Amino acid sequence: MKGISFNTWAYSSFPVWVPSYPLEEVIRRLASFGYDAIEIGCASPHAWPAALTPERRKDILQLLRKERLAVSSMLPAPGGGPGNNPSSPVVEERALTVEHYKDILRLAHDWECPTVIYLPGWAVFGTSQSDAWSHSLEALTGLAPYAKELGITLVVEPTPTDSNLVDSADDALMLAEQSGQDNVKVMFDTFHALYRNEVASDYVYRMGDKLHHIHLADSDRLPPGMGRCDMEAVLKALKETGYSGYLTAEVGFDKRAGEPDWYAKETIAYLQSVLKKHDWR
Amino acid sequence: MKGISFNTWAYSSFPVWVPSYPLEEVIRRLASFGYDAIEIGCASPHAWPAALTPERRKDILQLLRKERLAVSSMLPAPGGGPGNNPSSPVVEERALTVEHYKDILRLAHDWECPTVIYLPGWAVFGTSQSDAWSHSLEALTGLAPYAKELGITLVVEPTPTDSNLVDSADDALMLAEQSGQDNVKVMFDTFHALYRNEVASDYVYRMGDKLHHIHLADSDRLPPGMGRCDMEAVLKALKETGYSGYLTAEVGFDKRAGEPDWYAKETIAYLQSVLKKHDWR
Amino acid sequence: MKGISFNTWAYSSFPVWVPSYPLEEVIRRLASFGYDAIEIGCASPHAWPAALTPERRKDILQLLRKERLAVSSMLPAPGGGPGNNPSSPVVEERALTVEHYKDILRLAHDWECPTVIYLPGWAVFGTSQSDAWSHSLEALTGLAPYAKELGITLVVEPTPTDSNLVDSADDALMLAEQSGQDNVKVMFDTFHALYRNEVASDYVYRMGDKLHHIHLADSDRLPPGMGRCDMEAVLKALKETGYSGYLTAEVGFDKRAGEPDWYAKETIAYLQSVLKKHDWR
Amino acid sequence: MKGISFNTWAYSSFPVWVPSYPLEEVIRRLASFGYDAIEIGCASPHAWPAALTPERRKDILQLLRKERLAVSSMLPAPGGGPGNNPSSPVVEERALTVEHYKDILRLAHDWECPTVIYLPGWAVFGTSQSDAWSHSLEALTGLAPYAKELGITLVVEPTPTDSNLVDSADDALMLAEQSGQDNVKVMFDTFHALYRNEVASDYVYRMGDKLHHIHLADSDRLPPGMGRCDMEAVLKALKETGYSGYLTAEVGFDKRAGEPDWYAKETIAYLQSVLKKHDWR
């Protein structure tokens, strides 16, 4: 595995407005806790592409290098004003969503980030699942070559907790396969697997060599090891299947009452202790 | 009072992705339940300005007229990818937020909507409250003349549940007053007053003739009358102070499990029964 | 609509062992409560096909006629010893499942029952969803002509609460369509729609003229009208879309503490009152 | 004691459909966790007798030997479609139940399993307890010689949580004694003792040298040591009374949300630590 990464939602204004920290502050804090990498969500005040001038992008890159923090991955904020739903029945929304993904891919390239998460969207009332699926597949198929030129892998994530389209490991695998492009892979989030009451380690074996990225989060978006997920079994499965990506935690962003630093520190302490116990690193 | 209105968040993809309905469907449903007006949140798939072509804007207006549904008010979706935080420390985000409000004001004008809600934002870590306040005041002061030309009133809303800047009735009154412009008024949401454990009807008397709009929502974002808020006292206060705006409910949007129609139908049944009981209409 | 029906699970030894009543007792009780029909689950001590001699089948039919109770529908008990999973990786289990459905179809014919529910099964670990889907489609495609000869319609039910294969309205529609046979339709259970946090009345509109049967159950398998489901909206949608099947309640069978008569009586009282209020019958 | 065993329900499609694993997978996993034995429930996709060809039975036996895992015990799945209630008022169901037990006894013999659990059933409404008891005793008395020829012991289990016939230690002892055959013994499940608010270790002393098998499960079907049962007292009583059977855990099968591996691993870790602490092995 490449190292341990932490997702920025808990530090940004999405989806809850506060607490919220400037990106520079988040980079310095995560580095100080011992993280190898950061997963940057494209929301204000961190990384809404149109709000980032070329100068600021360069400054951020320099800070990342100085703090020896890699950008493991990036992703859009779904469901806010713009929606960013590639399965929307509104053709203009779909077109804007594709443009937004291109903005994110360029930003990822600027920050030497190798992986961008693709959220397949959801079926709005009146749209059949097959039409929604087709819309999403079309968007993904169009984006993949653009990503490839920039050296970026797109990873499809099932999000059953929030959506109604790509719900399972197999749904994600099927969408990726139908795209027919080799820089499209899959990922999953243990929290979403728990929502379906499925066994998270089973997902690792099911996705096998298509598994390019992972979100670790326990029940209630708690730090790994604090809920009902058998997180050691997930890590063992990753080891056994030869997973070579980052261990990325996406936790603590769902309520204002959470203190982001607590989530970040508990997460890395737990992950490091398990990896050390089994000598898995 | 002008009539009863219902906010669209519960029917849109903000903040939870599903259930989500096309705007046309929402207009027809609310009209069929007996509503006089609709409050349109500017989120997909309903009303993200850049996704609405001139033709579609006209079609929506015609449908509104056919269904005899007025647009009581409009507002942006805060905290998604773009943030829309006029108090942000990021100058580019502030500029984009002002542009977004202008887009909304033009869209409101297209749909003959007289009122746009102004959400003052929140202080990001490292920004002092006085700086955040200044940023927000500057944005508001710049927007008011633009709104005035289009015949639109801006109403400042305190949002303590989600933010940390304009938390109380007095905060909102102060910001409106400091703008120095007569098309800037205030509003409040009973749900936010409950969050501070304040008495909602007191807000009506405190805001008095500056109160231009209101959000009715009971505890847990339930329909009015189903929670711990003394909603009859609020309606009585509105009657006594001569409130002449819409009664707008903003409920049921905070969790996926909510069925929007249930919220809309329970809300209008309750409000009509109270108004009828006291012959307040 | 054809009338009101009640499912027998709550009175049988499946899935909880007690309370359990002989089928004759259940028929007499449901008729005495005013039901038009009964949905018979094929579990002991009621209707395990191999335990029903020709004489007993005739006696039951005579009793049904005497009590003027139609058999609205029948279905197998999934997940017990035999499994009855048409998507199983074990070829012998799949073959036995098909034989079991044929037994049920013949029993349905003996009792003049026009509709048999098809439960598509679930993917066992190590079986991909596409393989599981293919297995289930093959079973369904083989059964449909057999059912047709007996004058029976098969209805595909999505069961997301318990399974991982046919989870949504669209999944059921797709499986039915892929079977390519006109006596294969769909149904849904409001309880399962709630599990996905979807809006039950939306399912009625989505399934439209393919909707041949329905299970009414409120949250926690409560009688209709006692939970968080907007049951009036479901009934209204059925009326608007011209649904011509039975209103069948499948409630109160998930825990030993439930008293079956209470569920049956509360259910019919509620449904009759709503139908009468709107003059929908 | 002979060693530690784990019951397969949590890995099968009974009583909840998923998660579900092929039997071969379960054998390999339990062996890898350090188990000495497996208790195989006769449900799909594992061990429904009619779905197991002679070849597959041999393959399973070879795998068991290769993984050095003994089959401690077997049992039927009660309450599914066939019912398997030896106390049923339906004579055909009783006959099928006896046949099913014979199928299980032959399968147990094929897999070198020395013990089969006898579940005495439950009284259906309209059947007196004395009639139900007589039915069950007749079935047991008929089965015992058949089991004896195959070298198998039948153990009567009280199941008050689910049934209403053999509820206590003394009920089980009485039924076994009335059978008048020396290969009929008794067992109990700590979970069922807790349901009656009885002291589990008292059952060990009460059953004494008739106690041939045991199910360890804490409150809420949690792994031993995680609930309100004084499990160390149970183990101490087993040691003192010279119990020579397996310690078999039957846990985690009652809800979809459970991860079987977690239950299996927590169980063996706890049991090994207690045995080691007291040097009881």
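In order of appearance the chains are A, B, C and D, and numbering begins at 1 in each one.
The rule is simple: a residue touches a chain if its C-beta (ideal position, glycine included) is under 8 Å from a C-beta of that chain, and two chains touch if they have at least 3 such contacts.
If you're wondering where the values come from, they're calculated on a predicted model, not measured in any experiment.
K.L.:
Count of steps on the shortest touching-chain route from chain B to chain D?
P.N.:
Steps on the shortest route: 2.
K.L.:
Could you work out which pair in B-C, A-D or C-D copies the interface of A-B, where over half of the contact pairs coincide by residue number?
P.N.:
Interface equivalent to A-B: C-D.
K.L.:
Could the interface between the copies chain B and chain C be described as same, meaning over half of its residue numbers are common to both, or is it different?
P.N.:
different
K.L.:
With centres defined as the mean of C-alpha atoms, identify the chain lying farthest from chain D.
P.N.:
With centres defined by C-alpha atoms, farthest from chain D sits B.
K.L.:
If you average the Cα atoms of chain C and of chain D to get two centres, how far apart are those centres in Å?
P.N.:
A distance of 32 Å separates the two centres.
K.L.:
Could you state the distance in Å from the CA-based centre of chain A to that of chain D?
P.N.:
45
K.L.:
Whole-Å distance, chain A centre to chain C centre, using C-alpha means?
P.N.:
40
K.L.:
In chain C, which residues are in touch with two or more of the other chains?
P.N.:
Answer for chain C, listing residues that touch two or more other chains: 123, 125, 164, 198-199, 202.
K.L.:
Building nodes from the protein chains and edges from chain pairs that touch, which of line, ring, star, complete or other describes the result?
P.N.:
The chain contacts form none of line, ring, star or complete graph.
K.L.:
What chain-chain pairs meet the touch criterion?
P.N.:
After working through each pair, the chains in contact turn out to be A-B, A-C, A-D, B-C, C-D.
K.L.:
Note which residues of chain C are touching chain A in the complex, please.
P.N.:
123, 125, 128-130, 164, 167-168, 170-171, 173-174, 196, 198-199, 202, 206
K.L.:
Which of the residues in chain D come into contact with chain A in the complex?
P.N.:
That would be residues 18-19, 255-257, 259-262, 265 of chain D.
K.L.:
How about chain B: which of its residues touch chain A in the complex?
P.N.:
It comes out as residues 13-22, 25, 42-45, 48, 50-53, 76-85, 88-90, 92-93, 96, 100, 122-126, 162-164, 256.
K.L.:
Help me check something: in the complex, which residues belonging to chain C touch chain B?
P.N.:
Residues of chain C touching chain B: 194, 197-202, 228-230, 233.
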